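In what comes next, chain A is part of two complexes: it sits with chain B in the first one and with chain C in the second one.
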Partner chain A sequence: MTWARANVRILVAILIVIALVAFPFVVPRPQFWVVSVGIRSLWLGIVALSLIWLSRYTGMLSLGQMTFWAVAGYGVAIMSTQNGVPYSISIPVAIALATVVGALVGLIAVRTQGVYFLMLTLATSQLAFYLVLNAASVTRGYVGIGNIDRPEFLGLSMSDRNVFYFVALALAAAVSALAWYATRTPFGLALQGIRDSPERMRALGYNVYLHRVAAFTFASFIAAVSGALALFYHGRITPGAIDLIRSIDVLIVSVLGGIHSLAGAFIGALGLTTLQNFAQEGYIQVRRITLTGVVFVAVLLFFRGGIVDLPNQLREYRRSASRQWARFRSRKHDGRTDRPSGADVSDSAGGADGRDRQQLPR
Partner chain B sequence: MGQVITIGLNGLTVAALYFLVASGLTLIFGMMRVVNLAHGAFYLLGGYVAFSVMDSTDSWGLGLAVALLTVGLLGVLMHQVLLRAIEQEDMRVALVTIGVSLVLADQMLVQYGGVAYSIAPPEALRGGVDIGVADIVYPRYRIFVLVLAVAVGLALWLFMSRTRFGMIIRAGVDDRDMVAATGINVRAVFAVVFFVGSALAGLAGAVGGGAFSLAPGTDVEYLLYSLIVVIVGGMGSVAGAAIGALLVGLVSQFALGYLPAMASVMTFALMIVVLAVRPQGLMGRPA
Partner chain C sequence: MAARRRDPAHAGRILSTRALTRHFGGVHAVSDVDLDVGTGERVSVIGPNGAGKSTLFNLVAGEFRPSGGRVEMFGADMTRASIQQRAHRGLARTFQTSKLFTSMTVADNLYLALCGRPGSVRRLRDARRDHERIGRARGLAERAGLGAEFGVEVGELSHGQQRQLELAMALAAQPALLMLDEPAAGLSPSERGQLTTVLRELSAGVTLLLIEHDMDIALVIGERVVVMSDGAKVLEGSPSEIRSSELVRRIYLGGTLDVR
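Entry: the complex of A and B
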């Protein structure tokens, strides 16, 4: 990288930080932009980060991240409202509990691969849903647990929306930094080795199974942090917050933002939250879930790298369109029907390359 | 004693329905490596279509037939339009079907609202049958569901093991590329398999709507149970789907009868035990 490019990068990073910090003070209608869009994108982004991290660095695509989100949320809610445990204890304990649950689920789940893993984690999240619904004596069934007081610290109250926003922002930054750092450790490097060639890593003496379990546990820890945060965001938790639609929302956020980039989690969360809010408020005349589904399918089929990869994708489309156009014109001039074979070869090679780069984990 | 038999019969009925749904899912997966996560939505759609047709024509059989055809054709349409271009990527295909199921479920909510529907069985299948043991009178319709599932299972087995087409499908499961290389039009075979698999979900919905209610959320419930059934039984194996459905049906109903709070946990425990022993499912082959 040249110095000029490095400088541009630093400049962009500084601008993003300034924009994020100034955001609550400059937007109109703060209740909508800061609370409904900003904070929601942050906690949703953290769950999506756990999915993307796991998928990007271990090749395991999970639909079960909301399970650990729910364990943390319900854990704090039950301990603090029903047993009077102070937040300084209940929050860390609940997150630890969710991480342990993550480890236990991981022990089973990582035995499977690919679509089997997807199905198994999907089943896990749905069983968590039925479990909290049925264990009504503790979780209060459909009603859920409400009246959650927001924590206060250092004389600041999280009931203030700006305080909440900055706490969420700080948590998102910390978790992202941790997730990024984890990929640079020997553990993270081993994970990427296992993703690319489990047999070779096994031959080198790595315990593939335990590495996968540890990665799954780490991802469930990230999801649990978001669960505790989102509990205070809503002020309540109900089984409806972890039904299939919500689990799928996390997946949609990841795919929309770009499943190959950690930053995609937050960009996708912002995209989906904005989209859904606009649909809800009637700016877009399509039902919210239908719109979400259509956008999801469109991104999967036509914009494989999500928003993060949009410039590249568009450039690729433009290139192939101009290639088609040139071929069309040359055919008209020559009056020939068969295409020059040289163009064909380079064309199909380019297409195959593009597809390889944007493969989902298998 | 009477209670045990009744719960056992309930378990068999539920198992019959699970088998009808899951056999379609496993058939499609076995042939094409496509996990159709819209399968639950197909079930619900089948139920709703059957309900609407019966409501306007008063013909139960016609409702069943229309549901079967509609859902089967929808499956083929989904496969041809959305999935064919990306069929080499099993993960992306599974995600696209999730998107389809979201849109389908939302549109069904618009059309049919949040109330629960139930399909009235024909006159001949109403009432109860004295099964002759412990003075139990069991609903005739549920026995019909059981018989239907057995019949469909047998038909599928005969079709797969005794016909030329079934032979092609079995060969396709083993080695798709080799089958294509022998000059068989694999594309056409795929379309037929997708039709049959989806139609089974539609049929299950139309039949299941007579025994249980149809409402938003039913789609997720049946998707979840058919996933558990095929995970337990082994993806791609119709016999595995039958065994898985029996296990899941019996375990869930007995748990519901004796440990209601633990019912969903017991089903999950069953899946964990099977996966711990055989990650590929009871009848599945190693991936």
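Entry: the complex of A and C
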């Protein structure tokens, strides 16, 4: 049984890998599917991964992940486009810088919990938004920084959409593997312990505060990787890329995909990207944000576990529906005997009614 | 060793509090408590509800800061030490309401209990490959009667099993001083019996400070018993002295002392 299930899992994993690799070669309209849906889902998925990882393993729900995304993106743009620093230096330096900013924000933010943490991280991303808007001498304000050249390496240029896709895919796989591995280390287990019972972790000798800061820093590193990637996707960066709506988008992606599963990040990103693209293209004649909102509410109401949990959720619904159906049928049968339902229990033990009941199915 | 245990005044003291006081607003939860625990000794603190037992416990454990007085542990002034610092020096405690890691397995709970103190733990390697600590965790689980539940999520264990795990986790780091906060709360009579056996079989190296409402367990486990009432220490003596004390009879149960 478990052997068969393990084999099914391996088979599904192989099929997913084949699908992901074959994807750019088999889809029609590659500019739409590979770029607007594929690559966008990958970088959006990486930011959502940072949110889900933090929420799933530490219990801290952050709305500030776009801050570190922005620091990395602006960092590369300012260093390379305006000051001629080669990408081989600017990309790692910008990601490192964003991670340091993450650590500094973490030092303050992790002192709070629950809704306060949510507000504080949201405030951080708003702070980043207004900062890049107003520091126009460096960030060029509203206009943003454009004309970002895509990097080249090993004779391959990321201007080629397939090359870009595979770079994004590789990065997504790498950070996912890293995030997954982190949860298996004593550090990752300690985070889960802190999520369940910080008091006991303290009593066992753990430094709860430092663990939380380290987790927040790691999550901002993941968001920063996405920021650098997305810079080359857009070819420019503007304050509009990190406004309130974008921060909320990351949360929507996470909830849509399934906030309890790392895989949910990419599935949710694919879901939102597809939804928004189709809304934009006029297949569905409603406004993009309205549509996103409706789907979000539907997920919260009916599919708390997101798309990842959909099979389980549907099975659960089917089970409860069949239970209700059975109850409904038995009530109908009881109705035919014209007895108040309150008398059921005592009566069913009695002879006459018991026989009556047994004959009913025929 | 035996001589030291019998006479704490001359033994190496592992814990002593001096004039330990804590108010909450106008309420004196603990006032002027002097408590000494010698190395290897087993001390029970008893008293009716609201006597200040739990506050005293939390002052020693570091959860609360005292309003006045001192806490000395392991030969150093630990009045202002953090909870972690106390844990690193060898203090372990249990919690009154089980604060276990309920979404994790018994194995992971015990593993975390083994990795609390700094030292040889490599925090960034795959924990599943840490065969040495996993082996120790399995040993602890088996001794706690949870060998078959090693891979089970803690939320699915019975209350009694959770209390067993709780104790196993406190013992995991081989503490010098073990503090138990009402370990018998919510246990069935047979589970209480089991618990008593487990506590009596603790190795002689473990110093035990037991806060207990249940007189049966407190008097059987404790070699010395401290009675608290209204935040103050009112009596101290051997279990037999406490059992026959008229004062205890009066303050504790208002007449009849339910001791078999």
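The working rule: the second predicted complex is superposed on the first by the 334 of 362 C-alpha atoms of A that agree within 3 Å, B and C clash if a C-alpha of one lies under 4 Å from a C-alpha of the other, contacts with A are read in each partner's own complex, and residues count from 1 in each chain.
Criterion: contacts are C-beta pairs under 8 Å (C-beta built on N, C-alpha and C of every residue); 3 or more make two chains touch, one makes a residue touch a chain.
Because the structure is predicted, anything quoted here is derived from the model rather than measured.
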Combined model on chain A where chain B meets chain C, clash or fit: fit
Partner contacting more residues of chain A (chain B vs chain C): B
Contacts of A:185 with chain B and chain C, given as first, second, both or neither: second
First (chain B), second (chain C), both or neither touched by A:134: first
Partner chain(s) touched by A:242 [first = chain B, second = chain C, both, neither]: neither
Chain B versus chain C as contact partner of A:199, first or second or both or neither: second
Touching partner for A:296 - first (chain B), second (chain C), both, neither: first
Lowest C-alpha to C-alpha distance for chain C against chain B (Å): 15
Parts of chain A lying in touch with chain C, wherever the complex brings them together: 181-182, 184-190, 192-193, 196-197, 199-207
Contact set on chain C toward chain A in their complex: 61, 63, 83-84, 87-88, 92-93, 95, 99-104, 108-109, 111-113, 115-118, 121-128, 130, 169, 173
Touch list for chain A against partner chain B, complex: 61, 108, 111-116, 118-120, 122-124, 126-127, 130-131, 134-135, 243-245, 248, 251, 255, 287, 289-290, 292-294, 296-297, 300-301, 359-362
Chain B - residues contacting chain A, complex: 33, 35, 37, 82, 85-86, 89-92, 94-96, 98-103, 105-107, 110, 220, 224, 227-228, 231, 235, 260-261, 263-265, 267-268, 271-272, 275-276, 279, 287
